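Here's the structure we're looking at; comments come further down.
Order as written gives the chain letters A, B, C, D, E and F; numbering starts at 1 within each chain.
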Amino acid sequence: MSAPGPIDHRDAIPAVRAVFDDIKRTRRVEDVNNFWKYLAHDPALLARTWASVKEVMAPGALDPLTKEMVYLAVSVTNGCGYCIASHTAAARKAGMSEAMFGELMAVVGMANETNRLANGYRVPIDPAFE
Amino acid sequence: MSAPGPIDHRDAIPAVRAVFDDIKRTRRVEDVNNFWKYLAHDPALLARTWASVKEVMAPGALDPLTKEMVYLAVSVTNGCGYCIASHTAAARKAGMSEAMFGELMAVVGMANETNRLANGYRVPIDPAFE
Amino acid sequence: MSAPGPIDHRDAIPAVRAVFDDIKRTRRVEDVNNFWKYLAHDPALLARTWASVKEVMAPGALDPLTKEMVYLAVSVTNGCGYCIASHTAAARKAGMSEAMFGELMAVVGMANETNRLANGYRVPIDPAFE
Amino acid sequence: MSAPGPIDHRDAIPAVRAVFDDIKRTRRVEDVNNFWKYLAHDPALLARTWASVKEVMAPGALDPLTKEMVYLAVSVTNGCGYCIASHTAAARKAGMSEAMFGELMAVVGMANETNRLANGYRVPIDPAFE
Amino acid sequence: MSAPGPIDHRDAIPAVRAVFDDIKRTRRVEDVNNFWKYLAHDPALLARTWASVKEVMAPGALDPLTKEMVYLAVSVTNGCGYCIASHTAAARKAGMSEAMFGELMAVVGMANETNRLANGYRVPIDPAFE
Amino acid sequence: MSAPGPIDHRDAIPAVRAVFDDIKRTRRVEDVNNFWKYLAHDPALLARTWASVKEVMAPGALDPLTKEMVYLAVSVTNGCGYCIASHTAAARKAGMSEAMFGELMAVVGMANETNRLANGYRVPIDPAFE
């Protein structure tokens, strides 16, 4: 009945190893973090999730740092402890300074506050925003 | 029992007018949007919220466009219809292109998905992220 | 494929009518609001929900106004449009003044903000709070 | 100021014991889990919650396994750590296989993602869905 | 500054048309619903999201009806209006009866309630659930 | 890469010490709790947040106990572990009895349940509530 643990590279089937290897190559890390070792229980989910993350987080119209900070903003809003820890680390690695982190949290806090003020005061959308 | 409506500049008390005028000056807009016209029912809340928003959204370690996109990411995560409409407009005004919007949504969607995968698989935080 | 509509008293089965009548008696209203007319599609759910609401919202260690304001605080946090509208009306009927509503929204907004600051800064629980 | 602990069967008042005994009988377990031992601080809440859970989770138009998986899906979406742990165990006991768990998480993750895409793109409801 | 509208098949670029055609074929529908017509503003997001949805919602260890009901449970928990409307329709098409819908809502409601009771009473996870 | 720890009074810059001292004076406590020691990493955020909390939580149209219980209701709904612990302690200090806590949790649970029933049944707002 206990929760299944992480699947390490040495215990993984080839399809999982291939994903792990691509994560390590793409991110230039020595090992994948726990998130991937747990998703490895479902190789199809692992492969699909990694393919999407890789595509979504690649540099494009938005740079990787901005994307990591947005990821962190969502995780903080949802209160996902694991995601907050891992994406804080990722955003720092991508260049987030202490000052940027402070301002990011200030915006996230403010948005969560004013979202509820708009809800509570039942503010109708301005025609200009339609 | 019906919901109170917006308070327009001409009907506002001086303390409210002063906030409205500062919003118009700071944002270079001809009128304030509905959010502020509803908060005007509580002049102390209006003044405090505007002072905080003005300070938080000013350029700093993060530029205004990044801040607006983070605001939008939070609003989309929370499902606040008014806030999505108003901050999409604000982010566009600050320079968000159609391509940036698309990537922003992709990151927000992905973060909301992987937040739940981390929850569901009960992934423990890696020592490196502590 | 379209959504089922409300079930009015005259079209309701006896078990539903009995609940409707008890709601009208308890709340001293001439008709039940839409929430109950929709739940009436599932008479067991209707009866169970009303029995729980009746018991939970009755005066006890907390007075009805406090309970209605808490109900509204939760609804605003969750962004449930129907619930915000109906519980704002209920709180007003129970005695919530305009000033009380303003302070309630201020607390709800502030709590939603600091909840995220605590998440984002990963603040550990003080031993005194354990 | 510290948090109240669990109330065990031997320390419980008769009304609480009666609920504990009914939970044990209904679920064929030797002891109730912590959730009930904490709710026992409020015997009325305990009794009402158990009565509702017992009725809602009984086999009906939906089988118990489906109900437990839906319960888990909600808990994962809300990020309730206790509920995820307890309802993962309950779903497994009701027959959820590892493959079913993986697909369940995939659906939950996808729904959380597309919910935000629909929010962000402000998609209007199709007439056919009204 | 106004929100972009839906992209119809006749106005779509070939890459978008190909996705639309696959959706119509897979679901045996005459036209795609609004969700896809809005995502079409970002062809990469559209293609990736459809590929994932198609894979995740296909019959597997869980049948399509169960998957649709789980999707609906998440959407109701998050309060996504569009998603509730579209996945209620999809679940009905997959065989959800009125009785099944009623029980589904009852479980979703109960789970959202007990999630908060577990939070509020700060219930520690039972060793058996670890 | 590890998370920054708390900043204690003796290690704080004067601007932070001034806020800490005002918190201690206002609340008549010997030390500030962890929340403030972590926000101290961003002195502007610390000062702004404390100024707002001090103003919002002061007695007004609502008494401090009611405000603390609303704060707790929001924190429980959001599942913020730190906030639940700290505001349960604060509400108790402000006079919340065990019976009041039990009823508060019952209302919070019920509101979270009926919020989703209103969502799922897509209940339209009654004209009287508009």
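One rule holds for everything that comes next: contacts are C-beta pairs under 8 Å (C-beta built on N, C-alpha and C of every residue); 3 or more make two chains touch, one makes a residue touch a chain.
Just so it is clear, the structure is predicted and the values come from calculations on it, not from any experiment.
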Any chain touching chain C and chain D at once appears in the list A, B, E, F
To lay chain B over its twin chain C by CA atoms, how big a turn is needed, in degrees to the nearest 5? 120
Indicate whether more than half of the residue numbers at the chain C-chain F interface occur in both copies; give same if so and different if not. same
Reference chain B; chain at largest CA-centroid distance: D
Starting from the Cα centroid of chain F, hunt down the chain whose centroid lies farthest away. E
Could you let me know which interface, A-C or B-E, is made of more C-beta pairs in contact? A-C
Can you spot which of B-D, B-C or C-D is a repeat of the A-E interface, where more than half the contact pairs line up? C-D
Can you check how far apart chain A and chain F are, centre to centre, with Cα atoms defining each centre and the answer in Å? 27
Suppose each chain is reduced to the average of its Cα coordinates; what separation in Å results between chain A and chain B? 21
Take the average of all CA coordinates in chain E, do the same for chain F, and state the distance between these two points in whole angstrom. 34
Of all the residues in chain E, which ones touch at least 2 other chains? 1, 3, 41, 44-45, 48-49, 52, 56, 77-81, 85, 88-89, 99, 102-106, 108-110, 112-117, 119, 121-122, 128-130
Touch graph of the chains shown: is it line, ring, star, complete or other? complete
Contact set on chain A toward chain F in their complex: 79, 85, 88-89, 92-93, 98-99, 102-103, 105-106, 109
Chain B-facing residues of chain D, complex: 72, 76-77, 79, 81, 84-85, 88, 104-105, 108-110, 112-117, 119-122
Going by the contact rule at the top, pick out the chain C residues touching chain D in the complex. 1-3, 44, 48, 52, 55-56, 128-130
Okay, in this complex, where on chain A does chain D touch? 1, 3-4, 41-42, 44-45, 48-49, 78-80
Of all residues in chain F, which touch chain C in the complex? 3, 33-35, 38-39, 41, 45, 49, 52-53, 56-57, 60-62, 66-67, 69-71, 73-75, 77-78, 80-83, 85-89, 97, 99-100, 102-104, 106-108, 110-119, 121-126, 128-130
